Amino acid sequence: MSVLDPAFILGHYNYWVSIILIMIGLYTLIAKKNLIKKFIGLNIIETAIFLFYISLGDIDGGVGPILPKEGAVADTMIYANPLPSAMMLTAIVVTLCVTALALSFAVLIYRRYGTLDAGRLMEEL
Amino acid sequence: MTRSDIIVRTIARLMVPFLLLFGAYILLHGHLGAGGGFQAGIIFTSALILAAIGRSRIEFRSQPAGSKLWILGVSGAVLFGVTGFLGIVSGGFYLQYSLLPLPFPVETIHAIMITIVEIGIGIAVSGMICLVFLTITGRGE
Amino acid sequence: MSGEVIASAAPAIALCISLSAAILIAIFGNRVRYVNEGVTMGATLLKFLLIFLMYQAIMDGWILQWAPVTLLPGVPFSLTVDLFGIYFAFLSSLLWIVTSLFSIGYMRSLHEHAQTRYYLCFAVCIASTVGIAFSGNLLTFFIFYEILTFATYPLVVHSQTKEAMAAGKKYLAYLMTGGIVLLFAIILTYTMTGTLDFAEGGILAGTGGTDILRLLCFLFIAGVGVKTAIMPLHGWLPAAMVAPTPVSALLHAVAVVKAGAFGLLRIIMYIFGIELFTEIGAAPVLAVVAGCTIITASFIALAQDNLKMRLAYSTISQLSYIVLAVALLAPAALEGGIAHMMHQAFMKITLFFCAGSIYVTTGKTRLSEMHGMADEMPYTWAAFTIGGLGLIGIPLTAGFITKWFIITGALDAGAWIYVLLLLLSALLNAAYFLPPIYHAYFSEPAESGDFEDQTSWFIKFPLIFTAMMVILFGILPNAPYFPLEVATAIVRSITGI
Amino acid sequence: MIWLVNGVLLIALIVLAAWALKTRDLLVSAMILSVYSFLMAIIYAQLNSPDVALTEAAVGAGITTVLFILAIQKTSRMEEDSDDETIQKGPLAIVLFIGLILALAAGGMPAFGSPDAPAAIVSGNLYLEEAKEVTGVVNIVTAIIAYYRSFDTLGEVTVVFAVGIGIIALFLRGREEEGDDEK
Amino acid sequence: MIPVTDHLPILVVMIPVITAYITPLVGILLKRTVKGIAVVALSVNLACSLLLAHYVLINGPISYHLSGVPPPLGIEFVADHLGAVLSLLISAITLIAIIYLSATIPELGKKKTSIFYTLILLAVGGMQGIVLTNDLFNLFVLIEILAIAMYGLVAIRGDGKSLLAGYKYLLIGSAGSALILIGTGFLFISTGTLNMTLMGDILPDIINSWTVLGGFALLIAGLSTKIGLFPLHIWMPDAYAHAPSITPVISTLALKAGLVALIRLIYVIFGPSLSAETVPLPSVLSLLGAVAIIICSIVALQQADIRRMLAYSTGANIGCIVLGISFATSAGLEGAMLHMITHTVSKVCLFIAADAMLIQAGIRRIEDFRGLADEMPYTMAGFSLGAISIIGIPLSGGFMSKIYVANAAIGIGLLIYAGVILFWTLLTALYFFRIFRFAYFEPSHREHRLHETPWPSILIILILGGASILLGFFVEVPMEMIRPAAGILLGGGI
């Protein structure tokens, strides 16, 4: 499969978007000096990763993995893979927790030093 | 206290019961549709935060409120963690419920236990996240 | 190692005697008076007795072995006592007794500080020296070899002056680097052979190409060469002379450097094997290095005014006799070399004792200040004379015997150049030992004022004893248990002649 | 048609992310993040993952944003970047390197939405086949979370718990110190 | 009915976690009992780990299906020899640390102390889980539990510097977690499963896919932040310098848990298909390890703060372990695992001794060691024993493990790495001898004579110091577990 093949590019477009988002987020995380901004970056990354996982779980023409209440699994229906969704639910919580922790750090650090600039703060260490 | 404050607070107070109801719905019907313990926990948290906004005078950082939430968070986690040991006691693996000596078909036992687990998650998450919120906000203004 | 191997904890007990002495000293040394000295003396005597008993067993053709645990697959922690090992252990434990006596006299007279640390480290040093002697494989050897390095460090920096700390740094830098190189060689050997046991005839034969063996040989010699003070790896030895004299006497004339020499012999004879060593062409190179060391060190010694420094360079020169003897690869030279380990030890320790005795009594360290001193200190200078003559190689002293054997070996090997070199070295020895002796007896004292010889018998006895031994070795070289006799037996067992 | 909507949404995401990166007003940044999360939730729903969509809407657009706003309220609203606006080369290099790895890796993946991707064959379909009979739960995601992989969920609860007490611990000392200051 | 012994893998994880849940409540209700509960829980945990190790040694690895669902649907725990031995190490060291902690003056307030215990217990649970789990996503969750507990443990003191150190750690750790999550996704998309053993079965067919390699690289990069592999070790010195006493000890263990994850990643998931020809990543790892060894040691030489110095020393040791892991031979693995054990024991000894000195005498800087051997002889003796092992002076644990790693390096013809390890010994000796020189050969500059540490601390320090030396002599004891562990891993796991 050639890299320039439009089918190849289109067939993966969700992945490309999530990669771009991950890169933007990572740049925010590394390059931005503001302690809160860094974690806005982390949230961008994590959300993009969720997008990546959810994309890999989806199947063309499928529906969400909620089966009909009655009767056997309908053969005619295609369901999306439930496992990535389940994993991502856990990951969302983890991200929320890490963000909460990081913001607490930021609030407390601001209270101590009156700045959120990483460049200045790391000199204090 | 401005007029808009009163409006916001009244709306917030009015929304609390609906949010709680919605949370309960999400929690108990998680096995039927989208949603589950965690989402319910988040909605409960929102309700509690709104309640906090609605009654600005409340001293959430005071010891009683804090420790109650703490008990909530802990009991949810313990409920989940200890329920898992039922699996071992009933002769299976940790978190395995199929061997529980209940007079239902396996399917029903699972459904019951899944609900219990979801409740545990919901309680733990709402308790702890609320606590986090109140800890961050509960001071400094 | 030929002979019947029997499992016995005796070697371990011999080690433990010194170690428990160290522990006792560590615990009680600062609290109870005379514990340091009492425990040290008790341990020395006990240990010597045990080693003497083991000596008998070994002479009967047994080999004692104690290998309780495995360290690497196929390499146990092995204490194995064979003839060569017990020979070295005997030497160090015998000299430990006299040095302990001397230490007591020395430390008391000078009211030294930190005596507990001193005696403790001394005991550990002796334990590791005996451990080196008893090592059944290279790894065990290395373990004790390095422990010796680290245990000597506190002794070198004993005075804690700036100069001493600097010397200590130098000492560690040299010896640790050597240790690392040696360790590298050991691991390489292990990877090539899967074993590290000392075996007669070597273990390396047929395991690798000449290049890798040459590299290995180089690494080994560079590794142990540091302790053996082969030039240019000798820098630590003169620096270490800041240590108290008993330390210089026992450790730097005997234990540490002899551990190096012992290791060199062990590696050449029991890891490479004489044949392989010859095959890879390492011997001539080693001989050249040793020859250069002998001559250069002698010349440097000539220029030293500080008595201990002169002795230090003399030690460097004398050690290379042993190396040269090995490198000549002739049985007679080998015998001479092995015997020289012991002979030189006695002669050199006598001289160091004398230096210590002079320092304790008069506080003098420079040769130029020692003119005319023999009248006041007759015993000391008599012993000095015997030791000095011995090192020159005057007949009827121990030194003559070994030099004779080495020269015979050189003649056997057809290495004329080394015969000449040895003779030249003897001349140089004479040049740096005779003048001090002459001045001590016949020159006028530099400064007036007599002093009384108040040296305690703790100091006098050891040097008289070792001087007597030098004469005895010279007169009765072949008496049972005497070095030459044992050396002959060792060489016989290796070469199979 | 759907993919066109998706395409627009995805491009909007990139624009929003870049804007969030660019702006110096943290409050704006946080609001953008909220919108971003909301759009993301719509995409998740599009991709047949209603549970995650619901959660992302509640968490990403809701709770997280509130957290950010709280934090910004308690600190300062504007970034005080001491350095100028230029792109920093070191971080950029790292990001490009990781992006390269990601792109290479993504290139080898099965096409998006392919029904015979290994993930679907090896485990996904198994859940779909047996989960309903075994657990009596029709939302398979719930079945996985609360039964098949409930240990992960227990771990998740533990993470929440750990963060909760961690944050409380951090703020505790603050109180004590403040008490000291008042004295 | 499942035999009770089979439940040991989950018990060692859940006992600390459940105890952690209830500890804060206990802290509110019955303040005095927190220490007791933590000690009891960790003692029970140690007993379980011992039983587990014993069981595994005799009967072989245990596979435990959580929720009673076998893989690929459920989560699997595998208590193989590696997991069992690390579990034992973690339980034992944390128990010792907790006993030490409860025997010393608490440096935090009362409420914080109970939270401190809670976080330690959570960290223990996380570590135990990491070394036992055989599921990649579960590994991620457990790593997060551990990481969050560690962030809390670092910053719990709440003063400015510890907050900054904690934030730095959090930042690097979060980036690492994100990378781990992406890497997991790549491996998941390629193999369709999360179970490591199953992945290992599937991967050889698709090993050359970019997706797999990219996932592998990202996972390793992410894990590097957790194990402090150069150049991602930068959080360590600050975290260790400003955290409360026991945090570096727990962190030392946490690094080892991360290394176990690395070992499983390389050997269980990639397994035999991983060799230098197909995937060059191991040689990259070797290089990183060697560079870590040299650079961290050189930086350690320049440190004035004892804990920073120890942190950089840890960085170098991690490099050595990674070096051993990257050789992909049983000798290398054995050496790496042995070094994990010896380094943990000795470094914990050093940290605890350094902490005892800090509490007792406020000693933080290396210059303060002047005359210490005179005033605190036993503490200093324990410190020296630990240092001897870290340096690698013969017949100590550290010496033997370095020999094993160096031997492995020569075994595959990479003499240069053996040289690096030996040279590193010199560097280590240099920075520890600085301390020895101050402590043993220089007079004290203090106005008051210091008092010796209380005896429970001394006892703990001396036990750890003695253990780090004795490990060298009785190296066969851990090797008995390590050898089969290496064998199993090289066979691609169970």
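Details
In this document, chain identifiers A, B, C, D and E correspond to the written order of the chains, with residue numbering beginning at 1 in each.
As a working rule, a residue touches a chain if its C-beta (ideal position, glycine included) is under 8 Å from a C-beta of that chain, and two chains touch if they have at least 3 such contacts.
Predicted model only: the values in this text are computed from it and were never measured.
The minimum number of touch steps separating chain A from chain C is 2.
Any chain that touches chain C and also touches chain D is listed here: E. Contact with chain B and chain E alike is made by A, D.
Chain E has its Cα centroid nearest to the centroid of all protein Cα atoms in the structure. Farthest from chain C, judged by the mean position of CA atoms in each chain, is B. Across the structure, the highest number of inter-chain C-beta contacts is found for A-D. With centres taken as mean Cα positions, chain E sits 30 Å from chain D.
Chain A and chain D have centres, each the mean of its CA atoms, that are 4 Å apart.
The geometric centre of chain B is 79 Å away from that of chain C, both derived from CA atoms. Listed for chain E are residues 17, 21, 24, 66-67, 69, 137, 141, 144, 148, 151-152, 155, 158-159, 163, 182, 188-189, 194, each touching two or more other chains. For chain C, the set of residues touching two or more other chains is empty. Listed for chain B are residues 32-34, 36, 38, 74, 77, 81, 84, 94-95, 98, 125, 129, 132, 135-136, 140, each touching two or more other chains. A complete list of chain pairs in contact reads A-B, A-D, A-E, B-D, B-E, C-E, D-E.
Of all the residues in chain B, the ones that touch chain D in their complex are 30-39, 42-43, 45-46, 49, 73-74, 76-77, 80-81, 84, 94-95, 97-98, 106-108, 110-111, 113-114, 117-118, 120-121, 124-125, 127-129, 131-133, 135-137, 139-140. Contact residues of chain A toward chain E in the complex are 22, 26, 29-30, 35, 38-39, 42, 45-46, 49, 52-53, 56, 83-84, 87, 90-91, 94, 97-98, 101-102, 105-106, 108-109, 112-113, 121-122, 124-125. By the touch criterion stated above, chain E contacts chain D in their complex at residues 17, 20-21, 24, 66-67, 69, 72-75, 108-109, 111-112, 115-116, 118-119, 122, 125, 129, 137-138, 141-142, 144-145, 148-149, 151-152, 155-159, 163, 179, 182, 186, 188-194, 198, 202, 209-215, 217-218, 221. By the touch criterion given at the top, residues 50-51, 53-55, 58-59, 62-63, 66-67, 70-71, 74, 133-139, 141-143, 145-147, 150-151, 153-154, 156-158, 160-161, 163-164, 167-168, 171, 174-175 of chain D touch chain B in their complex.
Listed in rising order, the residues of chain A touching chain B in the complex are 64, 66, 69, 89, 93, 96, 100, 103-104, 107, 111.
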